[in-house]
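What follows is subunit A paired twice: with subunit B in the first complex and subunit C in the second.
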Partner chain A sequence: MQLDRRQFLKLTGLAGAGLLGAGALTPAKARLGKGAGQGPFAEGAWLASCCNMCGGQTGIMCQVVDGRLVRIKPNVHNPNGFSNISEDFFANAATEGAVMCPKGNAGIMALYDPDRLKTPLRRTTPEKGIGVDPGWKAISWEEAYGEIVSRLKALRESGEAHKLLWFSEDHSFTHVQADFCKLYGTPNYNMHSNLCDVGRKASFKILMGDERPLIDAINARYMLIFGWNPLSATKWAHLPRIVTRGIEQGAKLVVVDPHLSYTASKAHEWIPIRPGTDGALALALAHVILRDGLYDTAFVNEWVTGFEPFKDYVKDKTPQWAGEITTVPAERIEKLAREFAGTKPALVDVWSGTHHSNGVYAGWAIGALAAITGNIEKPGTLVMPEAKGGKHIEVEADETAKNTLKQPRLDGGKDRWPYFHKSGVYTEIINRLGDGNTPYQPKMAMVVFQNLLMSVMGTKNVEKALKTLEFIVVVDTMMSETAEFADIVLPGTTYLERYDLNTHWVTWPVVGLRQPVVQPLFGQPAESEFVCELGRRMGLKEANGNDLFRLGRMSGQNIEDKSRWYEEWLSKELKEGEPKMTLEELKNLPGATWVSTKGTRYHKHLDVIPPEKMADSIVEGGLVFSKKKDGSKDKPLGMVRADGTAVRGFLTPSGKVELYAAKHEGKKNAEGEPLKLLPEYEPRQWQPSAEYPLYLINWKEASQTHSRTQNNAFLAELKVTDGLRINTKTAASLGIRSGDWIWVESPHGRIKMRAELTEGIHPEVVGTQHGWGHWAMGRTAKGRGAHTGFLAPTQADPISGQALNKEICVRLSKA
Partner chain B sequence: MAAEALCDRAAGSPDPQVETIVDRAMDRKVFLKLTGLTTLALLTLRPGQVLAMGTAPPAVKKRRYGMAIDLKRCVACRACTMACKLENKTPPGMFYTRVDEEELGEYPNVRRRSIPTPCLHCENPPCVPACPIQATFKRENDGIVVVDYEKCKGLGACVTACPYGARALDLGDSYHEGKSEFNKIPSDEYGKKWVREDGQPPIGKVRKCTFCTHLQDGQGNYTDLPACARTCMGKAIHFGDLSDPASEVSQLLGQRPWVRLKEELGTRPSVYYLV
Partner chain C sequence: MIQTTATRPSITAGNLPSRAASYLVFARLMREAPSTDLLKFITGQEVLEASETEKVAVQYARLFLVPGDEAVRPYESVYCDALTIDTSTACSPYFPSSSHKISLNGYLGGPSSTAVREVYRQAGLDLAPASHELPDHLAIELEFMGRLLERRQTEQGKMFFHDHLARWVYDCLHQIKQKTDSGFYQSLTEKLEQFLLSEQALFST
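Here is the complex of A and B:
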């Protein structure tokens, strides 16, 4: 049925999305012959692996001909890249096929990038700073190891092992790095997550005792998304498919975001909002739902605690109140609340939209909407994952290491941040290094695939902080802004040249293998082997005398070959983990992926605690705890229902979903303020002023990952614009035309950007895609766009340590 | 650059009948800046004929490959553009399939629309008669429009004749200098091995989307989906035989409303957009 113009506009125009309704489903039929036994796909070998162009770990298949990677395609056997709900994977993967994002397709250009680091480099210029030429001199691996190990040894031997800071990527060979740090004796092992989602983790931990519930978009009938762009910031490669499938099956999608993201664009409704006010909107929605009795009485009665104080708190959080704060019209809030509460199942979620100083409470308030409407742990709602994979085998530090492990973490750790995450608090580390207000002065940093200058806001602060360190080692595939502060830079491997085990973004047990599909191009060690070599040269041992970095974990024999040593390491993690198989066995599975047939389970809070566990437990105040050896109370196991059955419940202090957090009583955040007992709205700290009247935000798009893929020659062609998006009316009021060079200025600095005019951004907000503005990366990345880190302070949310990547105010002027 | 030339031509289209959504929605230059597009699909919407289905039973081996691209599923990620590059090893600046984008409406009633645009493999392709040496043609057996690299002299008449900007001349640019590992990987187009070397085809030839013909077996069946459809994150790109009423693409076109680009030109594209 071909349409005429009017019909087409009606269907695709502003009001028309979704008019086709559920009758417009695309049949998922098997399509084309799979006899790939001939033609170019029959050449060489196909190796199954996992992508790492971002943190999504999508399954990939790599074709290698004559030792050269020639193709990458989606790996249909690997749910890491396909789905977070098992029924979708089992039902659709085979017929519909898997997917791969643009970055995954461009992985070949990361591998064969001519700007890759090929040998270790030593700096010859003692001075460090942005723009200072390090005077690189190529050195041998032997020389590099010699220097690094002698530095490490000197620290450890003088009882200063804690003065080593370690920064790492969060999804790659983290266990071996964490174990090295433990046996070496530094408590300062950090990784990326605190730049990403620890704010969200804290919100949901407070609410429901789970750090990372995932959405079941396939089964939802309503999706209310705050500050998240899943269709474009595609860490899960499958999200575009599952969200659009949800829509095809009749769900309505509403996106709250200051910027018309691609997700907002696909939504039935885009609700532009002032940055940092999402919490106020959520509370007003709760106000309407409670005022009008639209909540789920049964769920609230049994599974929600703090309902009355919450209801009391939102009594005056009217749509009018929120309208003034958020700029969302009151009548729209009323309508949204009724729709959301009136459609079941509905999901509500938020991710990096809460990178503001009030973000944790905002996330909690958003989560509260799920709680009062009973949209938790049911199909089509927020689901707690059971994503088990390989097991991190515990090691015990020796006495020397234990002495320095007792030292406080530089960021203050749990004592300072009530919802501290093991990834640390990068902003705090940078600030403490910079101002010297530390319990001790760190001396050395090992930076593995982290570009602190570009990823931590407050670039000048990062510069100052790095200058205080005596010795910095950076491992990366490419020169970076941070690597320019290194004393030694080591060429890293890409994900196509190394191993890892991947269990990510799924709600049931799965392990996908990443394996070297080609050997490291420049003969460099994979990072696991680099760490292993450091451990060996240091002579690090476990408390029981085991030579961790030489002992084969499967064979129990010393293994000289470090690749084989690491293969046994992974085998042990697999054997002791969920798959109960060796690395070799995993390699031989289809797609080198182990998938539990158990699948996604819902209603896990109703899981009955097995009698044998109950027999060895302590029941106290309706809660069930496991017992320590000495008979004292250990970890929470669950709670006792009204009918007397003991069930898992939610892993909060009350065993229920918490709208009132009694656990916060008497606790303080990192700034010394008492933790709030309710998900209260408070304005974020940095508000626009007459001098700096505009909010500056940043976002991610499918074409790049963080600040690390900008040198990829394929990807660089996808988004050649990297300017500042400004609402056309705002620009007009400032006399700015599209394409003008403009100064973007805050009290912290100014950067020059091109103006990009759009109707798709809130008039009080300007924004850009994060990651551009490199000055030290390779030839493709350099000189494109600008880095907003120069405009921001270095600051974290005081509850979780989440970096505040979006709390910036600026003014614009023509350059 | 050929792409820029195409863009100018598109912007200054002499055809008064050709009205574009882009033109109406916003300033074209703004749009170009915003999206970094090289060429724009001039999406025009005219009443046209309903796709004839099942009128003539197809011969066993005769096919008419085409696509039904679901614009409701396209999220403008451009995985298709990248997968195509990886599959066909096209040079910098050349995209067999691109994703054109439009911003529609005014704040706050605004949305973005994305339109993946490969070669449309028209039933009546203007590029074919434009070639003075018959180096480009529509294949009898499956309707795919191809370029014979042995014959093509890079004259470029087909490039300007294509109303969709689907063709470009390979000027010999490479992502890497010399014999880099990447440059050593041949393109498999048309079932041959095209190594990127100065003076050797496809350098100097006109290139375009081939529907990944090199993935066909000897009987014209595909051993895997064309790269764009294979990778598509929204599974928006459906590929198959339009002449087979039972094929997924035919079924979809029977069930869903669709449009084709610049219907009024009479090109009768084999790529349909489900809306």
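Here is the complex of A and C:
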């Protein structure tokens, strides 16, 4: 189609007529002051906020000149970015200054990314699939809301609200989304965590009743890290500082990892290990410690349960036994055990190294090393954080919603997964959608900042699953691979354009505010406001008739302006939560961060339960529980010590650290197998074979977050490790040279990658940084590296629902 | 078919309303995909299948709204500005300890966007709240030119044309022509380029 010249000229004479519509310019209300066109680092306002380039929420200061963000710096008032221990923070932050990671620096690029989505889009190509052009066209917000709401209404009105699947980030505006799902009536609200660390959560919950103990690295004298890269995979920007400071103060760092990670490269010792065998190594270490009487008798006697059965179990888990399994020489295991047990305080930890089928038990076995050496809740050990912040105010669903909330979750929920996490089990949802083995067929999905195609392993399975849904809405700042499967895509906001409260991952109560430092670039609503608008248009109400999405939670008045409505929502959460202040008051604190002066507390298991709490409690079998209104037993409060005092203890069934889990008796995992009572080692399910002889692993580094930041040109320029790392000996045996293009093949698919030869990877293992291989997203991301998801099955650990991101075997050939 | 060569400027200096209208028409066509009525008018077709309008809308999105091989970002900041990052405070294995700054081109919301907004405000105009667009988008800069000429503010128009539009618009139009397969947007771009060249000639006298 071409423009007609004569008509065009005629039209120019008719420009005032209706065909052109209203323009974008309108009479100005105010004039800008001077200052436009100044240099990039001119003065301006400095606004405190929190980063969200990853889930770490590091404190940041944002310099805004004439409405433009020009610089991001660390926020020295926020412990997250300095230290997770209060003594260190209070004494040194002001003089030393805080830090950010490169992703934090690069946040400006995310805000001003030229590939950002700017308007709602609707697909015109009905067919969906990888490589299918959706044929996007712009639609108005009104049209987008209209269609989404009419589909949501139709589901709810026909009693099918549970057929809405909702996927979201796990640390951003989750309360408002969860509440929407509850009032709407779907039990299928899911979050990212089950791709991340629910395996670790289960391990430590079994062990000590706390899902996320943190390392007090700065006070440690020995650090034994399994499958974690804290110096580079900086979930919290203070990690490199506290680990290296610990080393400066005399700590020894030992890293167990199949790959010479950045942390391993800075360690005193790197112990390359065969993937999936960390549990065996931990058990052998325990064997030596117990055999040689190197354990902490006092701690074990009072605070550990199941010591004898554990000791019996590890009796034959000798260094020789583990040596064959792990490839770590027996004498090295002996030495490591003696070093670890002989140095106090020592810490031991594991993170995403447990993304394999023995992962939860391995994590438990690793945690057991802390238990038998008494390295729990002391300075320089594993510490249970007091993460108290804003309070999620409970809402009650109405009768319509209650009916569909009764439906089973698509992933089977806690009935299926003994350590089910509220984030759901993505892999199970994908598999059930794909094979049709479901109690009901979901119809609609709302996907908020989740790129399922790149983050859930088994890419072809994810593709198949998404194709079964009638209608998909994706909210994202970028055209992710998953967005390309959407029927409607809505432009989201970056963390620099919206609010959030961050209860930080330090060991004492701290709340950092994330606030909009600039207005959303394209006038789009913040996600909280989008959900609010849906709620309003749906007319969703609480059981008591409250208009949740209109009612100002502080003023009790209806508030039309959704931004103000959400400000009141946050104020209420802060008021009812630990800080007991309004949003405005939090904003006015230095660095917009509330820092409890109570500080880090150790030995919290010795906290005496206050008499007034004891008076209103139930004591049963030496354990203390709170009471429900009807007088029945509620939550565990603690336990009674031998001397009769009631203390917090550990929030496990025994009140102690558990090396033997009696609670597992008679329970089964998602595959119907009995739960193990001890942290047993079992070979992971997928072992190398003659056909697929190599383990394939992946890892994270400071330069990128998951599969989310690869379009950031600044980060891409920093370092591109998008090739496949191969041990030089392994490569030589295959005739592969550095820089060669090679096929990486599994039974599930094959991808092409560039060979990177190194001594820094176990000879039986090849690996790459996760997140590359985008085929959408934007000009920088697209076409770099390869996505290992094509090579993997879609599988979860049957205990916790943790996605098994690292259980793949492959073969290599020259391309 | 449009004749792309040997076209002399047909809009004279004296014909300000017509020039202003041209800016406004081009602004509208660059701002969003045309409606069916507008499309009928400018293509001279009395009957138009709905699918034709949709086709142009998809072409518009492919060019200006979604990333991809055909994507062009019609913003002055993308063509003229560099975004500077101060890396001195990063705790990263990748940075040396010394402070340094890194500049990258091709980003939205650069100093140009603030600068043009300031010019609009000096002229008593601002972005409408419902416009959902950045101030240095091609469509907005064209619309501003149209508004100035409507008010016969030719001196301001000349200044804005030289200070802003002419700095980048030809590069941008060149990219559009290179990237798009759309006949509609090829010919629209041709016409806009001719028009702007004729404007440049007028402003240079």
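Operating definition for what follows: the second predicted complex is superposed on the first by the 772 of 815 C-alpha atoms of A that agree within 3 Å, B and C clash if a C-alpha of one lies under 4 Å from a C-alpha of the other, contacts with A are read in each partner's own complex, and residues count from 1 in each chain.
Keep in mind that, in the parts below, contacts are C-beta pairs under 8 Å (C-beta built on N, C-alpha and C of every residue); 3 or more make two chains touch, one makes a residue touch a chain.
What you see is a predicted model, and the numbers here were worked out from it, not measured in a lab.
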item	value
Contacts of A:Asp115 with subunit B and subunit C, given as first, second, both or neither	second
Contacts of A:Ile247 with subunit B and subunit C, given as first, second, both or neither	first
Which of subunit B and subunit C A:Pro763 touches, first, second, both or neither	first
Touching partner for A:Leu260 - first (subunit B), second (subunit C), both, neither	first
Partner chain in contact with A:Arg68 - subunit B first, subunit C second, else both or neither	both
Touched partner set for A:Met479, first subunit B, second subunit C, both or neither	second
Touched partner set for A:Trp270, first subunit B, second subunit C, both or neither	first
Touched partner set for A:Met100, first subunit B, second subunit C, both or neither	both
Partner chain(s) touched by A:Trp136 [first = subunit B, second = subunit C, both, neither]	second
Residues on subunit A lying within both footprints (that of subunit B and that of subunit C)	1-5, 7-9, 11-14, 20, 24, 26-27, 29, 31-32, 36-38, 40-41, 68, 70-71, 73-74, 97, 99-102, 104-106, 108-109, 112, 114, 231-232, 234, 237, 240-241, 262, 521, 702-703, 713-714, 717-719
Subunit A-touching residues of subunit B, taken from the complex the two chains share	26-27, 29-30, 33-36, 45-51, 70-73, 75-79, 81-83, 85-87, 92-93, 95, 103-114, 175-177, 180-182, 184-185, 188, 191, 214-218, 221-225, 227, 230-235, 238-240, 248, 251-252, 254-260, 275
In the complex with subunit B, residue positions of subunit A that touch it	1-5, 7-9, 11-14, 17, 20, 24, 26-27, 29, 31-41, 68, 70-74, 96-97, 99-106, 108-109, 112, 114, 231-232, 234, 237-238, 240-241, 244, 247-248, 260, 262-263, 265-266, 270, 272, 521, 702-703, 713-715, 717-721, 723, 725, 727-729, 738-739, 754, 756-763
Contact footprint of subunit A on subunit C as seen in their complex	1-3, 10, 18, 20-22, 24-25, 27-28, 31-33, 35, 37-39, 41-45, 52, 54-58, 60-62, 65-67, 71, 73, 75, 77-78, 83-87, 89-95, 102, 104, 106-111, 113-115, 117-118, 120-122, 124-134, 137, 139-140, 143-144, 146-147, 183-184, 187-188, 191
Complex interface listing, subunit A residues touching subunit C	1-9, 11-16, 19-32, 36-38, 40-41, 65-71, 73-74, 97-102, 104-106, 108-109, 111-119, 121, 124, 135-138, 231-232, 234, 237, 240-241, 262, 478-479, 521-524, 702-703, 711, 713-714, 717-719, 776-779, 782
